[in-house]
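One chain, chain A, appears in both complexes that follow, with chain B as partner in the first and chain C in the second.
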Partner chain A sequence: MSTPDQPTWRRRRRARSTLFAAGEPMIWLTGGALAICTVMVAGLLLLVLRQGLITFWPAPVVEITTPDGRVFMGEITRRESFRPAAEVVDRLPPAVREKARAELAASDGVAHRELVRTGNFRLTQSHFAWVSSFEVENRRRPPWALVLERLEWGRFYGFPQAFVEMHFLSGEGDPRQEARRLLDRLAGRGRQLRLVVRGSGRRLALAGVEHLDDATELAAVAEIDGGAQAAWEGFRRHHDAVRQRWRRRRALEKHDVGEVNHALERARLERRAAELERERAAARHGAGSAAYEAAQRAYEAAQRAYEAKRVEAEAELSRIRAEIERINGENRRLQLLMTTAGEGATPPQTVLVPLDQIVRAYPANQLSAGGKAGVYLARWGEFLLDEPREANSEGGVFPAIFGTVTMTLLMSLAVVPFGVLAALYLREYARAGAVISAVRIAINNLAGVPSIVFGVFGLGFFCYVVGASLDQLLFAASLPNPTYGKGGLLWASLTLALLTLPVVIVATEEAVAAVPSSMREGSYACGASKWQTIRRIVLPRAMPGIITGMVLAIARGAGEVAPLMLVGAVKLAPELPIDGIFPYVHPERSFMHLGFHIYDVGFQSQNSEAAKPMVFTTTLLLIAIIALLNLTTIWLRGRLRKRYAGSQF
Partner chain B sequence: MATTDAPTPTHAAPAAANARRPAGRRTGGEDPLLAIERGETPPSEIHDGVLAEEPVLEIEHFDFWYGDVQALYDISMNVPRGKVTALIGPSGCGKSTLLRSVNRLNDLIAGVRVEGDMRLGGDSIYARGVDVIELRKRMGMVFQKSNPFPMSIYENVVYALRIDGERRKSVLDEVCERSLRGAALWDEVKDRLDELALGLSGGQQQRLCIARAIAAEPEVLLMDEPCSALDPIATGKIEDLIDQLRGDYTILIVTHNMQQASRTSDFTAFMYLGRMIELGTTEEIFTNPHLKATEDYITGRFG
Partner chain C sequence: MFKTRFALPAAALAAALLALPAFAQVQADSRQVQVDSRLPHYRPASGVSGTIKSVGSDTLNNLMTLWAEKFKEFYPNVQVEIEGKGSSTAPPALISGASNFGPMSREMKQAEIDEFEKVFGYKPTPVHTAIDMLAVYVHKDNPIAHAGLSLPQVDAIFSSTRKGGYPTDVTTWGQLGLDGEWANLPISLYGRNSASGTYGFFKSKALFKGDFKDSVKEQPGSSSVVQGVASDRGGIGYSGIGYKTADVAAVPLARKDGESPVPPTPANVASYPLARFLYVYVNKKPGTDLDPLRREFVKLILSREGQEVVVKDGYLPVSYEIAKKTLASVGIDVDEAYR
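This part shows the complex of A and B:
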């Protein structure tokens, strides 16, 4: 019991407030948390930026010689220190062993080694080689070391020997006589002449003119510009034209052949449809009925059309093939004669590299800063605009960029109207109650469902139910090959639309709720109906908030990979979802996606060491694309907000 | 409150409506405030001058509940055509509720219930099957806080026509100019009709809202404390405007400001705790009110 003059509790007086009362530790705690978050974000971005940006910068080519005469030439990609086991040192050749022991003793058993990208895969069966520091006897940067980026088999490091221009024998008549005539004709041009003979496999080799009489398998006569300088100049003179012809060939192969095949396929499908129609007529009206006869006639017409188309396609294809042959022949004439520096223990070898196999070549050790920048930019250009090659580990990622952007846009197109309408009903029309609360909770929980679950749903519902039904209804002729009954761009977009739906609904609901009731009342007082008020007052006012939801949806959707692997993203899509072949937009096609590409390049490719830097570059690109999409929508929102300047959001 | 005073002389309660009231609820010559505090509804004191006018809006035995809470008790009054009628009374007395009941804006609130009826130009407002949207098109409303829409000045003014699907530029232009002139805003904004309405000053925004409200030629203009958020100069302009609109429009205005009521209105109704206490010409209410309660309120002795 307390009496008025003896209160049970009174505030204690202290000399000064405690540390906790002043809140000093909380400032440090909260500030520290923020600092750690910032460092993590900045660290992530810096790592990706650094790794992504240096990938394409041309490194110098180093030639390393070991005491026992092995040679490694290539670019240094990685350095690390290691502790070699005693047996490893014991197994070294004697010339190296002593040096290694001395070095290891001096550095407490720790040695360094470098990963040299030696390329020349067909000669060595490997792209990389580890070279330990104690193995290095001599290290130099040969001025004429040339880096060739090839269409196939990765990079080639070597020295240019000569530029070779071939004159292939027609193969009619006696090859020796034809070669002799050619030699006579070319003698006047003042260039060295050689015979080209077929070596092992499809490889060509050069032989002196004096071997004409005992040369078997004579393929061509070659004019030669000897010397590194002359070879390099010859390359530079002809490479652009060769590449242009090569691109023309690729266009023929991809586009023209594709168009012929598509037309033929369409005719085949029409025939198949007529056949199905005939079967239906037979089942319904019986064979021999009038309907059956009509169907039979239609089928015969389709059959004739198909046959005609096939003949036409054959002719067209052989025309295209001839054109491709012609281009190939023209390109194959120009080759670069290269010698390697020697692959480890093997002595230097001489190789003919056709110019059309070379994507890019540069003398790495002679490049000025500008030249390096040129190579760097050219590689970025190829990366952004070209198609992948070498199982995605080289070349560009244009199809993946295209797929990512198209998929994201299609997703936004699906999710925004749908989400906005749902949110409008929830907020404007529905009566608050248990059902609406339950719906709202369900929507919020949807945001927490693992994304792979959406992938499974998309596969099970969109592909196998909706897609399969569509196929039955509209694409029966092409069954059993599924058209929509498999993963594709459309189903992937819709799956991601479902995934991001909660984001849009929640954002829209908040934006709609934030429209002041005074404005709605003003509109109602003017005699506007509910829908007129929503359309003319609420939606415009809520639009920036709705776009915020769209930004969030894009950020979430564009970076999602797991569900896409189930509903349509593939390692290599032969055709883009939008192209020049009727009906131009093919939402049923599989597509490439940058997120999936990152995984595929980094962990599924054979040459994973070379692909590793591409992981960061592709990641950088993905981040940049998402940022770009977001910035575009944020800019849009800014413009909308400006329209309501003076009002507060 | 005023309990020791002698009973205020009751002038003949003339409304026919009052005569139909159940006898048990009559409070006779007693101070109505006492009856109200007991929870009863004394008859309203309605002056003859009001009944002589031609009404455009008639309110008949109107009761209003927010859920279980009754906010208006048996309100009956006429709003004379072409005149300004002010609703005064202390906060929470139901002035705004009554005003918002006229165009049924209270329908938007869940759990609202009414009894009795109102008639606009003879047409029932609360009868079953009334098209509320069509009804609202016959009235204009100006709110306490100006609420221009997030669009251009021009579009704000012609909003009512837009929602009726009017597309003819000439009609819209004409209505826009006439309404803005009517709201005494034309000269200030005629060169920037395409600018956002939200860029106007507070007073201009409120006049824009008035222009928007009169654009559709309403039969009644409802004003819910239109000057309470404005400075004295802007208030003066709005009051001048109300003065100009008198005659062309019937105005029902809610105000907290007694001077404003006395300056601008032709008729004044005094409300208290959801009841209509006294309604008469402004001159009479302010100089010679029939009820002591009214006198106490307008002289500032209570409320």
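This part shows the complex of A and C:
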């Protein structure tokens, strides 16, 4: 009725309808959905990146002293604030209590604490300790705090006291006489001399030369460069050579011994095979028959060959062992004398650390940015190229990287041809109907089956049925030890191939369907047969799509862990599935897998606090490897696309 | 400057070293766990080759790996495959021949022994390898870590059947005598999956063979129990003492109400109510010797070096007497074998 109102109302309504018509809200909705996805993915990646990348960066070493004289030295790994209850403060030693009360009153009851990685597990039975802010009396960064990363027992934090070069006694004759002769001979060299005695648990310790007459268990005479600077310089001078020798020892242990061993094992298996053959002959033709006699002769020959091989192997092994012993002896001569800062309530202790036990050492508080970067890169190098140590909590993950990549490649080799052939039949040859629809639905359902079910199937079918039969047929000699009748690389790859099959089939079908039928018709018109058309016209054009399917399959397969735990991924399997020992490829071997490694380090590791950052690093690595595999295939797809781009209509 | 610094520890050391027994005494008093010095050192033998295949306990998973690493130092030619998904996986693998060592964190049940006997005609042989104190962990700030708990209380916390005889169900920390912010905090339970020997041992000793509550969050590994408790203020869980971190506290336990609770420290191994042996089962036919691979591995486990590894993994080493008895049960004379 009031005329001015009506047009406004109408205008508003029109405006709203145009808003919908223009689709503005839909832009916001779709854009918002994408933004949330991006934020989630980016957030996850950033978390993994941040945690994974900083793990190896060397932190400064802090020495914290408490009012009641306890000392904590190590790297600060985490900080948090907390609200200590009254009785917690009451339980504190009197020296700390007052300070704590005052500090808590000032900060409204909130205190901070820091998790210090104190290392030195052998001495304290713990790797980490929490220190509350009110317990800190003095905090400094000692210039000579040295971080040792050791082969065993984790990290060591302490001060270098001296570089020790030992001259071991031969053990023949009177040790005291020999030590005296050594002392006389070394006296002219101008370095300090000490006696080395064997303490409890065979650990070596130093004693002054004046104790020569009353010392028991003399082991060696040592030359000493005293002082932190001299100790560090001695370490730097010798450590590379020591590590070189240590690596040589590892190579001997792995390759040389491995080869001798495999040769011996082959001879043993041949003998066992001959034995089985003889048993068969006896059962079939009876003992005393010609066939039995022949089998008996063959067995005797195999037995002789085995014996010869055994003697040879024994000699070879003792030669290698002597070489290892020589290297060890040479390495053990060089040691570092360290003192701890005194962990917690215990007083400082002095420890001799052999140089060959030290993977890496650095004075954390003296490192320049370049020095830190050096330590950082060296740690990454070790992580990527070395074998795991100390029940997987330290060292590298090379066997796991190798296992993951080989398994994924083997899986692709199995799944792609198989899936493409199946999809081609479905799309090109099969007549559409109820059966084909059912098959298609079944394939799609297969994609939704939990992966652990595939694992159970793989274990039951591949390992226990196929593998066990293979063992009966081909590897009877090594029974009852299963060769293929257990989890291994081959069975794991095939299981994952089954798991990823639907992805490849669906992708291939889509790609094949997308090839315009006009092209097929053109091909038929030229007189090409069905298969010729598929091979020359359809497949090349569908190739980029097929490769997309492969990318998806790889991404799915490489990240899968649950089924692998059943069919071959294990905690520790340092023997790689491909190596220099005949027949070079060992698809029956158990293998390590990065995904399983993450699970193992994350949930099973004894020192879980130190293992946590390793979980992120390993995750980062796994993501990087999958990305690399994918990028390779995408690059391949790009090339294929370019190749056929010109001939597209 | 270096003189003063260096002379001091060296002099102290020399004095300490020359009186070795006294030195050992000092160390035994500190937190350091000492391996029985009567245990012999390991000496490698000849003719050892093959594959160590171990399937079984997750508690022993790291220990087996560490022993195997040590074994490889002596015998680089030996191959190693180790799987640890729970003690219950050990007997089937041992029976089928898929493994030659079956680490278990509990004793084999009668049913499992029968199953083994049905196939081989004799019983499997347990090797006592280490001592674990199954610890009940709480968050590091939880005051109950000072007060301690009795086993019936633990039973009332974890179990729905309360066979320990505690009168009421316990669901909040206040019911255990905590006040302040803890009084109304609900107890959040962490435990192991049923394939685990730790689960079985805890059920029989702490729950008096009763049943777990449904609200126990079952974790796939010992370490994940500890991590769960570490990140949950109201959390409580059980795991081997070797898995302790700075983020959790181990609760002192008393066998009965009214007794004084005992913390799981090496000194209390005899009085702590949840101490247990960790076993490695082997298939040994009576009257025959073990093959060199298994014989030497068992010898290594029970040598000084092997027991040092036990300490490294946070467990307690066995004494000379136990080692001697165990070795005798697999046909090895301790004084002969290591010479």
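As a working rule, the second predicted complex is superposed on the first by the 615 of 649 C-alpha atoms of A that agree within 3 Å, B and C clash if a C-alpha of one lies under 4 Å from a C-alpha of the other, contacts with A are read in each partner's own complex, and residues count from 1 in each chain.
The criterion applied here is as follows: contacts are C-beta pairs under 8 Å (C-beta built on N, C-alpha and C of every residue); 3 or more make two chains touch, one makes a residue touch a chain.
Remember, it's a predicted structure, so these values are computed and weren't measured experimentally.
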Identify the partner contact of A:Ser412: answer first if only chain B is touched, second if only chain C is, both if each is, neither if none is. neither
Contacts of A:Thr55 with chain B and chain C, given as first, second, both or neither: neither
Which partner chains sit in contact with A:Thr633 here, chain B, chain C, both or neither? Use first/second/both/neither. neither
On the A-aligned overlay, A:Cys526 touches which partner chain: chain B = first, chain C = second, or both, or neither? first
Would you mind checking which one, chain B or chain C, touches more residues on chain A? C
Scan A:Thr483 for contacts with chain B and chain C and give back first, second, both or neither. neither
Once chain A of both complexes is superposed, is A:His211 in touch with chain B (first), chain C (second), both, or neither? second
Is A:Thr66 touching anything from chain B or chain C once the two structures are fitted on A? First, second, both or neither. neither
After superposition on the shared chain, which partner residues are touched by A:Thr548: those of chain B (first), chain C (second), both, or neither? neither
What is the shared patch of chain A, the residues that chain B and chain C both contact? none
Note which residues of chain A are touching chain B in the complex, please. 431-432, 516, 518-529, 532, 536-537, 540-541, 643-647
Within their complex, chain C touches chain A through residues 1-3, 5-6, 9-14, 17-18, 20, 23-24, 27, 30-35, 37, 41, 46-47, 49, 51, 58, 61-62, 65-66, 68-69, 72, 76-77, 79-85, 97-98, 140-141, 143, 146, 180-182, 219-224, 226-227, 242-247, 304, 308, 311-314
Complex contacts: residues of chain B adjacent to chain A: 103, 105, 108, 110, 133-134, 136-137, 139-141, 143, 145, 147-151, 159-160, 162-164, 196, 198-199, 209, 212-213, 216, 222
Under the stated contact criterion, what part of chain A meets chain C in this complex? 82-88, 91, 115, 121-130, 152-153, 161-162, 194, 197, 199-202, 205-208, 211, 214-216, 226-230, 252-254, 257-258, 260-261, 264-265, 314, 317, 324, 339, 346, 348, 350, 389-392, 480-482, 486, 565, 570-575, 590, 599, 602-609, 611
